[in-house]
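To keep things simple, chains are lettered A, B, C and D as they appear, and every chain counts its residues starting from 1.
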């Protein structure tokens, strides 16, 4: 069994791709068949992932690569390949499992959409590409799938194509991530030129193995940073995070699958995959590239968490929360906690998908309303959604012991606390944890507690096809805490391939208590601040947020996303647009003007002979032709129709050649 | 004392320039034809002169060229003069200044 | 071949050519053109290309010049009008003349004296024409025929 | 065999001229298919492992100046012959059909014949003959069947390319007088030790460079192109961008680089700068266009700029270039010219379809929300757009990857700037897709028919080819790998 899958790793992405192709060619009316086919593809991918997972569990530090030649150019072969190792297997499992839940949820959520079939085709396509990213054994193959993932994201964000805002968001996402991808592209080329191969693992010759790494030398830092730039774009890290909140224009299942659980995590995965490049030449686990990763992560995590506090759109809050969590994962990778980062990635995949699907269920129940200030009291109408949402919220906030997020967050804090260069990230992460708990509390109070407000008239619980995936994901979020607990460090060992010794001291050391205190502080402050949210309190009107009431300037700053979009619009975008106009202008007037200038020289000569002709002896005969001799026309003046002028020009040309010859000899 | 090749080429150049003068500055179509014939004649003179001065002229190439050139220029003259007549019939002029139908 | 003969013939030819190019009356110019060709033929004789010289006399003076005269007569009504020079053309011609003369004088390799050559008999020319140059000869024949027919068609009166 | 390929379209011209007006498209297509079949036969018999020219036909032509009728193909020539066979019939199927279509098809066939000749001739005189022979039909096609401003655009096109050709011809005459041969392979082997010296070398260099740079076109000799492509009828634009512009790149590979290695080495950075300017400024200008055809035209400049970048990089610093980089550069360029040929032609085809549906309007603002009305048209058109912006999995990526790989290894700083071109191209297409396909359905588009069956028959095979090259490109590389290895030795 395990040998069978190792030779056929390509099947894992190929199955959803094939499903996507077939679904795309189905007529629009075959809704159920399309959904069934897409879901079958996903189930098959899940089954294959499970099969692929087994051998990695049996052997410690298992790694199998299957390489093949894509093409030969000249007499050089370009090799691609697939790899199966614990990192890939764990990601495969997470993606196909979460993906399946979301597929099922979409059947209910998109039931009324007229482009239902196309939606599933895109979704399958995405799934295939994402699975491909995970098992690629070549940076080039990873890049290929990476771009396809970006394409799927573009198509799905702009899925409601008749909405101008959706297509604008799709364009923004595509271009912003492509900015990052250009860095990735250059990094990849650089790596290829230095190491001569793009295969990660190739029996000791791959670029992540010692022989390949040895060839990199000092350029490794730059290569790593360029590749990290790609991850920054895809994972919505500062300063390329601006596309991710806008991407919420897509249908909610898309947000759950792509912009929460899987694609945005690809950046984190990428850094983890090429981690040897980052840590090459590390002193005490610190390299300059990793330091950059840490600080970008810290900035992103804090900034996004702050912005999330002041958002009103239920999905945008989750989007900024995603950005913030991805920042946290980056920090973790940067300080050396690769396993912790990946564990958080997997846990985050479950609970963030859960939260997004929950928000989808809420939106579905409120007939498309997304403004949390207009909801309220939904726990009575949508009990299942409420319970699962609360589980997701607690997992995200990092409530310890029973929720997956608690353990992974604690692990990350533990790793950050031991970072040699500085303790600043450690304390800044404290603020991040508090803020996360705070904005999630705010959201849940606004949505589920208090009295029903504007849009909650005919709210109802969603159909079972939507609630079942919620329950499944909620169970996942809880059950995962079993494998994530440091008391049983199996997953940690599995991911790193090294035995981890559990010390009981871990459980009683400050970090755990600190995180417990922080989470309770966050939730407590939230409960206190927003206890009267959405209702009138004192002289504060109901629709004004308590924070807005207390700190209007700060709130406006945060609600407008720190004006980063506006800043980009006024600087980068305005500048590029100006450059575009300038290029066009130069082309039309400057370069073309030069050409016309050369034309004019010919014209002047023609005018000269004409002038001599006319003013010379017999102006009388020529007057008839003067009128017709269009002086203003660009080149046509040379075409006077007068053979003698033609002859004269030939003679002058001859003379010029003669002079040239004389000059040369 | 015999003339050098240079002298012949100089004469040929002068003849060519005179032909050019006729072709460029006179307005009557027949003058243009005469000018062109003169230029061709200058070229023929060159062929012959270079043939004559070339070392060991085994093949009479220059002469052959001149013969063909004369034949072709005769054909050209016939056609040219026929065109002059045809144009004269049509436009009642042989003044090339007035013949600018091809003006761009 | 003596210098004196060459100088006399050259001056004679060039003067006649100049007259052909500048004389006001077209008929005079045509006659001067014929005279210039006679001079040219003499130059060919001087160069030992008697056959070509004779051909020139026959073809040009016997045919082309006569054709020109006929054409002048046929387009008689138009000849009387006053026509001037195009001075731009004169300038260009002068410039070309200067350029040619200068570059010829500058080229050292032209100052050579003729080697002794074998006389070029008509027999040799005939042999060459019928062997190595038979294809061009045929082509020229075809060309002349075509020119003949073309000229005829061009000058034929259009039937109304 | 090659002679047959060259002359069948000319026979087609005769046939089209004599047949009645109604059937001329069918007749023209028939001759196209015959010559394409011959080209495919050529491909089948082509020995991919043999070095040097194959199917050589050599006849004396003008012995006095060493001009022979010498045709033959190697991988590069075969690739371009195949491209021509593909694009020209495709262009015949483009709409709208001009009024006097008999003359149109006849002229197109002459152009096709000239293109085959250009890509197979191995002697300069013959090559130049065909090169010029393609210019005049192109001029006529723009001048007679073009749209708005056609006189101006045609004159500009003609003067530009013609002056370039004159410069090139003069340079070649200079080379001939110095070396006494017009044969490509002979010249190439002479070039290694410096063909000419001193001023003459630079004059010849400049002449040939300008002649080819105008054809490609390379910044700043490109201003004829937007006008010409914009004005020309769709089918002509397709051939112009798909095949004619390849003549320039072909000339660079075949003539320029082998002949002037020393000169290129000296002014290499300047040439690279020109290529980078092509790559960066052209898509920026495309971004500012509203006319779709003009937009695609500017992107053509950008795509061929990539070819120039890697060619100049390899030629400018052969000492730095490793063997693998030279191979990557040449393979990348070959892939890129083929891919750009089919992709840009397809894009023009689609613009033509839009133009036909909207009554010859093609400003970007004239359309909107097409996805709701014509999903198939939009879907297939986006495939072409994505291919053009270099999305992996489609054909455009492979050439660009190899080109950038090689250029980055040799001229890293130039290439780093050139990457901006990739980015701006993406912006241009994203913007176009946004305003054409999405948003509310524009009123004047509400009656557009979706892809018709005849159109599908054109679009689907070409798109499948794009996918095939994008996913399993080995069959393309097989055509020219040996040629690449052989050419790389010239640079080594």
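As a working rule, a contact is a pair of C-beta atoms (placed from the backbone, for glycine too) under 8 Å apart; a residue touches a chain by one contact, two chains touch by 3 or more.
Since the model is a prediction, treat every value here as computed from it, not as a measurement.
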Higher-contact pair (C-beta pairs counted), B-C versus A-C: B-C
Per-chain Cα centre nearest the global Cα centre, belonging to chain: D
CA centroid of chain B to CA centroid of chain D, Å: 44
Whole-Å gap between the CA centroids of chain C and chain D: 49
Cα-centroid distance, chain B relative to chain C, in whole angstrom: 6
CA centroid of chain A to CA centroid of chain C, Å: 83
Overlap residues in chain D, where contacts from two or more other chains coincide: none
For chain B, residues that touch 2 or more chains besides their own: 20, 23-25, 95
Junction residues of chain A - those touching two or more other chains: 635-636, 644, 648, 651
Pairs of chains in contact (touch as defined earlier), listed by label: A-B, A-C, A-D, B-C
Interface residues, chain A side, partner chain B - complex: 621-622, 624-625, 628-629, 633, 635-636, 638-644, 647-648, 651
Touching residues (chain side chain D, partner chain A) in the complex: 152, 155-156, 159-160, 199-200, 203, 220, 222-224, 226, 281-282, 284-285, 287-289, 323-328, 330-332, 369, 371-372, 386, 391-393, 397-398, 401-402, 404-405, 408-409, 412, 415-416, 419-420, 422-424, 426-427, 430-431, 433-434, 437-441, 472-474, 477, 481, 484-485, 488
Footprint of chain D on chain A - complex, ascending: 70-76, 140, 143-145, 147-148, 151, 158, 161-164, 166-168, 170-171, 174-175, 178-179, 182, 185-186, 189-190, 192-193, 196, 576-577, 579-584, 586-587, 591-592, 594-595, 599, 634-636, 664
Parts of chain B lying in touch with chain A, wherever the complex brings them together: 20, 23-25, 32, 95-104
Complex contacts: residues of chain A adjacent to chain C: 608-609, 612-613, 616-618, 644, 648, 651-652, 654-655, 658-659, 661-662, 665
